[in-house]
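One chain, chain A, links the two complexes that follow: it is found with chain B in the first and with chain C in the second.
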Partner chain A sequence: MESVLQSLLEVARNPAPAVTAWKQGTNGKVIGWLPIYVPEELIHAAGALPVSLWGGSTEIARADAHLQGFACSVVRSVLEYGLKGTYNMVDGFIFPSTCDHIQNTSDIWAAVFPGRPKFDLVYPANRQSKASAAYLERLFTGLQEWLAALTGSAASEGRLRESIGIYNHYRALSAELAALRSSRPECMSDLEFSLITKSALFLEKTEYNRRLAELLPWLARRTVRPRPKVRLVATGIMAEPQGILQVIDELGGAVVADDLALGARILRAPADETLPPLSALVDRHLRLGPCSTLYDCRKERGSHLLGLAARHNADGVLFLSMKFCEAEDFDYPVLKAELEAAGLPLLLLEVEQQMSALGQVRTRLQAFLEILAQGAGR
Partner chain B sequence: MREMSRSANFLLGLTMLYYTAPRQADRKKNPVAWCSSIVPVEFLRNMDVLPLFPENHAALIGARKMGVELAEAAEAIGYSNNICSYARADIGHILTGKSPVDGLAKPDFLVCCNNICGTVIKWYENLSRHFQVPLFLLDTPFNHEREIPEHSLQYVEGQLREFIPWLEGVTGKVFDYDRFQEIAIVSNETSRLWREVLTLAKHKPAPFSAFDTFNYMAPIVTMRGTPEAKEYYRLLLDELLQKVKEGTAAVESEKYRLLWNGIPVWYSMRPMLQLLAKHRANLVCSTYTNAWVLEFDPDNLLRSMAKVYTAIMINQSLGLKLNRMEKMLRDFDLDGVIHHSNRSCKPYCFGLYDLSRQLQAGSHAVPEMIFDGDQTDPRHFSWAQFETRFQSFMETLALSRTR
Partner chain C sequence: MTLTMGVDLGSITAKCVLLQDGCRVLADCVVKGGMIGDGAQKAVTEALHRAGAALTDIAYTVATGYGRVIFAGANEEMSEIGCHGKGAYFQEPEARTVIDIGGQDAKVIRLGAGGRVSNFAMNEKCAAGTGRFLEVMAQALSHPVAELARLGSQATGKVSISSTCTVFAESEVISSLAAGCPVADIVAGIHESIARRIAGLAYRVGPEEKILVTGGVAQNRGVVSALAEKLGCELLVPQFAQTNGALGAALYAFEKFRLAADHVD
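Now for the complex of A and B:
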């Protein structure tokens, strides 16, 4: 079983071999998509492999000629990987309208790679409007048509239904994994949890589901670390650079629940299988949230975090703020006030994927965890 | 001191009215709404709502050099220094009460349209939370294509239809469709006058500079749809036509005619103006002031409003931005472009480098300069860098002249 775990960790650390192997084995198309929300079911049903591109720790060199240094590290590194040829096995790209950074990088992408197929998933930001469902349905139909042209075959309704089932299963298994780290954090490190979650972004989901289902009962009995002294909720775009998770681990803390985009946010809201398949995906998108990138004038993220902390018996919240991400930056002061008023400690850590020195992060985490450990009385 | 022109006097009065009327208003009759910079104000005027524009106010904060102080007040409660400085200045003014004009009267509700950026959505979420007032979001999907897709237009039009009952709910008034039509026509005519004003810069020498238009623009932003704003542009147009007739030049012996691409550097207008004049260069026009030329089809109002409010330049693809820029270069017979790589305004400047590359590869290649700045926060602007780049830009321009 250890080997199944290692295989997933390896995929997350170095996805290219797994993606290339899938492509050679199936002769299928690989569709890369940028964060945060893309209905992968449509890609899966078209017989293509969806892979999710959230950037990485690459040094930025070529991308600087196209994008200013005050763009977030996700779009800068995605562009860098594109220019370096890392995505050469990717046949088509989907750019959702997540934020100004991605939206404008999409146009830069078109200028830099004029021949490469690209689809702009411009979501309705006003999901309260009655007009948004029809718009979204048209948008997803357009995506289906684009995929059909790229793969050479249109996905039937039956196939889409199947894919939706597979993805709901994926979400259910992911929820089990998440429940496990809360009930028995000693069974895997934070880094392992994060890498398992990330490996799903590059694997065909039937395959991923099979491996994860095998792994879960084994993980449940496994012990790799002592019971954590401090239990944390992590919120933000992603827990990267991953060294941060190791630092938390070393300091005797554990992330027992998260509200990360590359984490719980994309795994929320199963699709309603009683609806016609396309409507089910429309309906799911309309229900997603809370998320800093989905318009919400009630700002429910605060109460969501308070709820998470209470349910998972957490001692504090870690706000992993991706540098230059306005969506997250605007939420922070509101959350800070709300969590302070509720007496839930919050630590802000500004992160960039390219960050290599974690000395400062360690010092701040150490101080935070020490305070929490006293309060936790463990 | 030079005597103030009639239009300048009128503008002063309008500005006073714009800021004071909301403060004194009976909110039952005249509710106050805070709005992002390009919302369909015609709907609001029709309900006798008094709109206020935090971005416009923030520009004034920048011009009066209060940007740093107010931004820091916002940063002190956790706002990142990396977010748009308009938002920080506005939030700082809410927290401290400080402002060059006694501040903005508190809103009864908010209207936000993301045709300029996604930042305003986050900013207005927070305003709604802070003031505990309702917020209407008009979502105008970004257009990556050559034409705005039909389903986008239907969606925007659908939201405009929903805006009406929403407004009726928050104001307790009934929406009068006939009056709406009349207001839209006034708004249209004001836009037309504004376009005519901007077009006068085609004359050689240009009778004014883009720096002047940054002052002229206040009413088209804040009072569009009122007879007063229309009257102002009528007056202004007359005066400027007179200047053209007399051959008055904004810059003595105008030699270089330049395009400004970006939001002004509000706190540094005077030194820039002086530097340019020294080189006999005039900023003849800007992509910025053109954003408020909004002309509707009165016979198909909601539909054409949906289109016009979506088709804001920074809400569209790089290709369309380039087309627009090349057209201005041609129409105004321009010699070069100054691009503001603005740390605050991501949608205005991400893509600038490739836009510039495409411009150079196209049929309208002219010398360009790009400088790093920020519209309200001088901590992200270096005069030394601006000056150095401007010098070498002038050298390139001089060379291109002799060729």
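Now for the complex of A and C:
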């Protein structure tokens, strides 16, 4: 079973071989999508492999010729990987209208890679009006048509229904994995959890589901670390650079729940399988959130975090602020006030995927965990 | 008699405090050369020499500061934030806020009941508003850093240093010199610039009196008074300002030793 775990960790660390192997084995198309929300089921039903492009720790050199230094590290490294040829096996790219950085990178992408297939998924900012559902249905139909042209075959309703089932199963298994790290954080390190979650972004989901289902009962009995002294909820775009998770581990803490975009946010809201398949995906998008990049008139992120902390018996919240992510930055003051009012300690850590020196991060985390340990009494 | 030791390995200096029975400072010393070189060893040797003690007399040692992870002679390591809180509360039980301005970072620490750290803020990755900033500016002005306070006190005006970035600020200082501005006024501007930066940090945690200023930069009266003016309140510089972190580490060491001894009993 260790080898199944290692295979997933390896995919997360170095996805290219797995993606290339899938492509060679199936002769299918690979579709890359940028954060945060893309109805992967449509890609899957079209017989293509969806792979998500959330950047990485690569050194930025070429991308700086096209993007300003104060763009977030996700778009800078995605562009860098594109220019380096890392995405050469990717046949088409989907750019959701998540934020200004991704929207503008889409335009730069078109100029840098003329002729490479690209689809802009322009979401409605308002998800409350009736028109949003009709608009989304048209948007997703457009995406289906684009995928059909690219793959040479249109997905039937039956195939889409099947893909929705596979993705709901993927979300259910992911929820089991998440429940396990809260009930028995001793069974895997924070880094392992994060890499398993990330590996799903590069594997065909039937295959991923098979491996994860095999792994879960084994993980439940495994012990790799002592019971954590401090339990944390992590929020933000992603828990990268991964060294941060190792530092938390070394200091005797554990992330027991998260509200990360590359984490719980994309895994929320199973699609309603009683609805016609396209409507189910529209309905799912309308129910996504809370998220800094989705308009939320009820401002539910604070109460969501408080709920997570209460349900998972967490001592504090770690806000991993992706440098230059305006959406997250604007949420922070509101969250800070709400969490402080509720007496839930919060630590803000500014992160970039390219960060290599973690000395200051370590000092902050250690001081935060020392404060929390006083109160936790574990 | 129980002797405990606190070692604070900073980016520029190494500090060591020897504590007797968790209440009396036997020796405290500051040695140039922090994490790099043998600063830590020198500081330990010097403190032991001053106290007339040997390394084998030390019951427990806690290391803190940036080099805490690489310092081999400690029983345990703790964050400098916890240690500065501890040291400050020992020196002034009414302290509610500690402003520590070290070599490469600045911290504002809020203390709650019993001197426990309740909140803190640290400067971002750059060295603006820290000891290193002062060193770079002193170099640009061709004056020793220790003389800046005296120079600044002779100012009749203040030259505004608006750049936060140390490198840009250095260019501003050089431009001001080239424009013939009096050195004293430039120094006052530098102090003001650090104070502005630290005050911004302090407002993030909400400073509450009494406020202690610690760290190497606390020795510069110019910075301390500019900061007091910005925050609109009195600031205290304790007796062990630069060695406050090491003092906190020695206090923790005493607690840890007693806890371990209780377990043995």
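Criterion: the second predicted complex is superposed on the first by the 378 of 378 C-alpha atoms of A that agree within 3 Å, B and C clash if a C-alpha of one lies under 4 Å from a C-alpha of the other, contacts with A are read in each partner's own complex, and residues count from 1 in each chain.
Everything below uses one rule, namely that a residue touches a chain if its C-beta (ideal position, glycine included) is under 8 Å from a C-beta of that chain, and two chains touch if they have at least 3 such contacts.
Keep in mind it's a predicted model, so treat the numbers as computed, not measured.
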Exercise. Which of the two partners, first being chain B and second being chain C, lies in contact with A:Gln68: first, second, both, or neither?
Worked result: first
Exercise. Just chain B (first), just chain C (second), both, or neither: which does A:Gln374 touch?
Worked result: second
Exercise. Given the touch rule stated above, what does A:Ser97 touch, chain B (first), chain C (second), both, or neither?
Worked result: first
Exercise. If you stack the two complexes on chain A, which partner ends up touching A:Arg221: first (chain B), second (chain C), both, or neither?
Worked result: neither
Exercise. Now for A:Phe324: first (chain B), second (chain C), both, or neither, which partner does it touch?
Worked result: first
Exercise. According to the contact criterion defined above, which of chain B and chain C contacts more residues of chain A?
Worked result: B
Exercise. When the two structures are overlaid on chain A, which partner does A:Val122 contact: first (chain B), second (chain C), both, or neither?
Worked result: first
Exercise. Do chain B and chain C touch any of the same residues on chain A, and if so, which?
Worked result: none
For this session: Would you tell me which residues of chain B are touching chain A in their complex?
Result: 77-80, 82-84, 87, 114, 117-119, 121-126, 128-129, 134-135, 137-139, 141-142, 144, 151-152, 154-155, 157-159, 162, 317-319, 341, 343, 346-347, 349-354, 357-358
For this session: Would you tell me which residues of chain A are touching chain C in their complex?
Result: 350, 359-360, 362-364, 366-367, 370-371, 374
For this session: Show which residues of chain A lie in contact with chain B when the two form their complex.
Result: 65-68, 70-71, 97, 99-101, 103-108, 110-112, 120, 122-126, 128-132, 134-135, 138-139, 292, 295-297, 299, 321, 323-324, 326-327, 329-334, 336-337, 348
For this session: Quick one: which bits of chain C touch chain A in the complex? Just the residue numbers, please.
Result: 66, 69, 78-82, 105, 116-120, 122, 124-125
